[in-house]
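All chains are identified by letter, namely A, B, C, D and E, in their written order; residue positions are counted from 1 within each chain.
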């Protein structure tokens, strides 16, 4: 198999194949489920093979349809499809209780397909197209339960992300006006964008990755089924924002120091405000969602902490920051996916999301509780879980250039510990309230355990992911082609 | 200059007829006023060397249209004397302002003295008659006329034939 | 344009504008649907006059007349349909007051 | 050959009205075949070696086809076909169907004529043909609201006619002819004259009334919402587009001289329409009325782009001129796309009206699961309207916004983007109230509409999706639509 | 010796710990001996590694994050010490934990903690150190949480306090790393002259003293004393964490940064130390629970070490380090006596105890030695280390010396009270304890206590042994040793200043007199300090402290709640603006537009005419 074919398969199998799932569902639900899993695993396998190949693959069949698989794209694609695969597996049982399953699988696989398209696209318009497809699918998925509140929240998320995306589109148009092309491979690396343009593009990124001031849709989206929230938070949606940030502002363009300051200020505010909100809110999924908002800010911190200078000590810090941010994407994805899937088990078995009315579940749900704790520890950055390394690296990179920002994020890290422990203790420890629910099904519990174990393994065996990330960063910064 | 006096007289009459048309309280008089306006327009069209259009105006606008309107008024207007008196007073109130507006507008237009110094296009050859023009140059309009008349005919059928649903 | 032509043009053009004003004034002030159709007719008079006037001024009577004839035909068609609508409104509401056509709002 | 676009519908009309042959039962199918053939024929036009045939030597209509005209003819065929389908599904009796088919054929004649003629007065004549057909079609069911809507349309349409003809007579003074070419030359020569400025302004405003641009729009929501479903489809899809917008675009390209002032004025009207239509749509309670306001808003985009073209066309900077051409391309493309997705939305509303018995959104809810095809296609149409990729509406809005930005009109571009968000807002509101959500108990028995609706929806949805997906390809092939300078 | 052996010090206890964790249910019975075996192996390894040098460098997380370990005198000494304590606690726990359901978890987490401590001590790379250091968070949480029901609250408290200080340390390390352009600990030598370096030092110090349990990071320790299994107290807060925290404090003060008396962090450390001594000991004084009283002393004693190192003079630093070792010995010993009492009587509430000395003579004897040691009675090890610290403190300012001495008085007083209340006097009346059934603790529990008590005497009488062989080599090679003092200075032996010894003796005498008077007045040993407890002014403060008004954790959490509430309001405000205001404005405009459509066609005609007039006017004007 050639690399180009792998690339096509990774993008086209889930995007185009997803349309088959409703048909398959009419024949047999089991067939549909397996097909969905296969379609999610295809990009994983293809991306893994591309990673093994190690070459940057570019295909350009026509016009704006230009795909490129560099290390960054492959890395993101692997994370997304890996976590998505676990989520789809989890859905087999979770979603079997509800209506509209055909649409669910269609949208989930299309969602991932769009993500694949997005990460592999080398043309800004193509990227934008996939970007909006993810907005559409997330809209349908958030409103999955169809109650008026659900649909309202789905609309909110759709509107906010589309508003941001349109601002970004204006930014792209300005880029086109400035550079004469939207082909990322033809824009000279390190091009500096005017402030207005950078802000426009940033607005899209911030709205997608749920960062202040466009973040409130994400907690509201907690009305979605838990696998969907896991997908939104861990695998696909909010990661799109940070991926595009990396793709545009690390690989292609360069932020000025002033623009970096803006990003960092927004990220710092985002980290603190959402952490504060997570401390106050009482809805299990909203709290975890606020936690995502807060953690995404750390990713931005890593990306924007250092000027991307080549050579010297500055380069070391930049490598550290970008690498930390990429690792953060991986670690946060694994852990946050696990947290939401745990929340899904709790929610489905207790029919309750209010943490003040939960308690003592560790007695009946030991595996879920331990998995939750492990994932929470990873998010907090406690060794030996994977989150430790990424958190250290982003804070370290910030400390190199902007110690004050690093200090603010340290406060954010404090608050992470506080609110995650608050959730964990209120839900799983303490006095049981009412009848204790049963543990989830083997499949679902297995999925959360898998994610927790992966979080742990990612820390204990940090070497392989760190090597991949290191190579990716070197390529991103143009140090090694 | 005498010709221009005639022009002005015709214009004044035309405007007066139009005013009467819209300001009279009785519908039938209004329709008659419309016919009169059309007749005066016909005269003006003759004055402007457009006999065919004038004839058309006379036959259609002073004849057919008032006929249709009269029947429509007959079908709809039922009004007692009280109502009529009330409406007369209302009309007087509403249209008292109209002559003032018209006078002001006329004065303004005359005073404005819009420059009419643009070059006129070359006239077409003397051979161009209305018939040849219509047939040679305005075929599309003819088709349009046919279509619009057909549409109106269908409209009458659709709108008026049969009971309301 | 010669002064003579300008004078004729000016005279009738002012007349046409005044008729236009009369028509609009009636259209806006009337409470009777048939009268509003009549107002439209008055407006059309003004336009017919303007077209013929333009033809006369540019010595293009043939063209202008053919346009005017077409215009008159269309005028009739529109009027017929308009009257048909009014009659239908009358047969359904028993009134031809303009307040019968003020129900679609917002 | 082009003559056939006008003559064939008339011939069909005569055919179905001749007693021996014209069985009334065949009227509607015949009209549908005609509309379908038109759509296909338009697609074939570029590949025909010559457009003159035996008829051309006999008739002399002075017809011309432009890329804009081709888009419109295609839209007319497509939307008329769909409208007839919906009419068949919604009107019932044979006699009514025959009347409907006849009126539709006349309307097609009017639209085709308006699109093809190259004479300003003939344009007016065919616009009136269409207008008269529209009056009748709106009032087709003779219910009081429809009569009211039609009557207001009559009044405002007459005002528009007065404005246009008054302006035409002023143009006649300088041009001595009403042909586009002569007018263009004369207007360009005398564009400083105040009378001509007045004439241009008057004519354009007449077109604004016909096209339903704010603040000239107020007849439009009433007419759209009170008309029978099939007629709403036609009117919203192509009716007002041909009579108002097509004419405006055609004039902008072929008649009006480049004028920054006129361009600015047109842009202001377009932007105003965009905003007014969008915010008004946000608070509507009736689907069709919401869609009508949406139409006003979307036409605002087209007019904005047309204004951009006018404003840029006279520039000395070739880049601005190119941006203006791009804007015009966007306007044309958006006009076509709007025809497709807005008719689709009206077909959706027709299906809902037929099956659930109302278009009042407060009484509806959760129909997506009851009417899957209607629900799914309405999502596609709504997203296309809002300019969400990969659907067709995105590309046209993209081109318009790109052109605005490149013309240095960043504020308008921002406004266009903001209105896009509002567009999405009200369409999501409609989705939420009608399709997406839990099914209300009293609507549990609602089923998908009949084949007519489903086929109509599928055709239009397919077009909007395919155009959206294929747009990059079209761009790559150097499509007939876009200027060569668009090289993304 | 292969450097890879260093890995064994981490992997052996870690693997043993994981295995122990897996011994669920009945297999739990094996976990005790298994842990004993593993700790013994660890001790063997510790002995083997002691006094050797080795460097290990393995690839790890990339980005300059190498897995670098370094064995040298100081780290070898700490590894050996922790190994000793590990073995003793494991031995002790076999009997203490017998029969408890989650004992395997206790041993598992204990062994994992041991692995973490070894890793942290051996680490020669800041991030490796942080990895193990922060890794202790998890084991700490688990070991407290498996205590009595509801212990998770304390566990959470401990986790949050330590976790937050660890994050501070993370930032400190990053700052230090960038300043030094390396993360290899042995290559970092930073002056404390720039603000960034000072900030880094303070942040690292926060981590160190927090691990040590100094104020204001102490408040979980008294709670844990009640909630957690007792051996845990002897194991982590009393010994391992002290060793680790003070080890790191010494490292940053001696190696990583050039701490001099001129740097303002020196007085800062001394103030923290002095405050910790006094405040904690005052709290200890009035405790009525054996374990809580000890826990406050565990805090108070850290103050001496921080004070000693903070003096930034060799005498003080050596004293601090020596005190670290001594404290670990006597404090874990004291906790173990508490465990023995609890094991025998089922309670540690002093009101229910009394007269145990006759029933548990060995325990009492050991307690006596250990208490004497902590009080700084001459010839015990505590005496020598305290004298060194006094000397150092006096070299800086007499007030620190005064504070330290006052601390000693109160320490002695509180132990007099404790010994009196628990071991002497009569058994408490109306107590649940059946005194006639109280037996001496079993040998496996006594043995560690005896060893520790003996160590106190040995390290006291022969203080040259630890100072010259354990402390001084660690101190050698630092910038202190290299600078003016040189290696010539000798710290071991009888204190040079007789004056100070005299003062100490006077202080002890004061404590004894105070106790005798107080006990006489109150009629019981338990009430011996009631006159202080209920003294005017102090009574209210003690009352408030009893209600936890001064708990930095509670204050911090309250502040965090308030801050969070404010942030949450900001969040809502943003939501209101982004979602509410925009959509509200648009809808308001929509209603206005909608209301303008009255249905009157005349109005619509007027709009059109006005619109046309506007367009025409615009055209004419341009």
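Heads up, the rule we're going with is that a contact is a pair of C-beta atoms (placed from the backbone, for glycine too) under 8 Å apart; a residue touches a chain by one contact, two chains touch by 3 or more.
Since the model is a prediction, treat every value here as computed from it, not as a measurement.
K.L.:
Using the touch definition from the top, list the chains contacting both chain A and chain D.
P.N.:
E
K.L.:
Going by C-alpha centres, which chain is most central here?
P.N.:
Going by the distance between chain centres and the overall C-alpha centre, it is A.
K.L.:
So which chain is farthest from chain A, going by the mean of the CA atoms in each chain?
P.N.:
Greatest centre separation from chain A goes to chain B.
K.L.:
Out of every possible chain pairing, which has the most C-beta contacts?
P.N.:
Maximum number of inter-chain contact pairs occurs for B-C.
K.L.:
Counting only C-alpha atoms to place each centre, which chain is farthest from chain E?
P.N.:
Taking each chain's C-alpha mean as its centre, the farthest from chain E is B.
K.L.:
Suppose each chain is reduced to the average of its Cα coordinates; what separation in Å results between chain A and chain C?
P.N.:
Between these chains, centre-to-centre, one finds 66 Å.
K.L.:
When the C-alpha atoms of chain A and chain E are each averaged to a single point, how far apart are the two points in Å?
P.N.:
Whole-Å distance between the two chain centres: 37.
K.L.:
CA centre of chain C versus CA centre of chain E: separation in Å?
P.N.:
It comes to 97 Å between the two C-alpha centres.
K.L.:
Per the centroid of Cα atoms for each chain, what is the distance between chain C and chain D, given in Å?
P.N.:
27
K.L.:
Which parts of chain D, given as residue numbers and ranges, touch two or more other chains?
P.N.:
Expected reply: 121, 125, 128, 132, 135-136, 139, 142, 151-152, 155, 159, 173, 176-177, 194, 221-222, 283-284, 425.
K.L.:
For chain B, jot down the residues that touch at least 2 other chains.
P.N.:
As it turns out, chain B has residues touching two or more other chains at 116, 118, 120-121, 123-124, 137-138, 141, 144-145, 148, 151-152, 155, 159, 164.
K.L.:
Provide the list of chain E residues touching at least two other chains, using ranges where the numbers run on.
P.N.:
Counting only residues that touch two or more other chains, chain E contributes 594, 597, 599, 601, 605, 609.
K.L.:
According to the definition of touch, which chains form touching pairs?
P.N.:
Chain pairs that touch: A-D, A-E, B-C, B-D, C-D, C-E, D-E.
K.L.:
Within the complex, which stretch of chain B touches chain D?
P.N.:
Answer in residue numbers: 114-116, 118-124, 136-141, 143-148, 150-152, 154-155, 157-159, 164-165.
K.L.:
Where on chain A does chain E make contact in their complex?
P.N.:
Its residues touching chain E are 156, 160, 212-217, 272-277, 279-281, 290, 313, 316-317, 319-320, 323-324, 377, 380-384, 388-389, 391-393, 395-396, 398-400, 403, 406-407, 410, 413-415, 417-418, 421, 425, 429-430, 462-463, 466-467, 469-470.
K.L.:
Please name which positions on chain C make contact with chain E in the complex.
P.N.:
Going through chain C, the ones touching chain E are 24, 27-29, 36, 98, 101-106.
K.L.:
Considering the complex alone, what residue numbers of chain E touch chain A?
P.N.:
Counting only chain E, the residues touching chain A are 59-65, 127, 130-132, 134-135, 137-138, 152-153, 156, 159-160, 163-164, 167-168, 170-171, 173-175, 177-178, 181, 196, 199, 557, 560-561, 563-568, 570-571, 574-575, 577-579.
K.L.:
Which of the residues in chain D come into contact with chain E in the complex?
P.N.:
151-152, 155-156, 159-160, 163, 194, 197-198, 200-202, 204-205, 208-209, 215-216, 218-219, 221-222, 259-262, 264-265, 268-269, 276, 278-284, 422, 425
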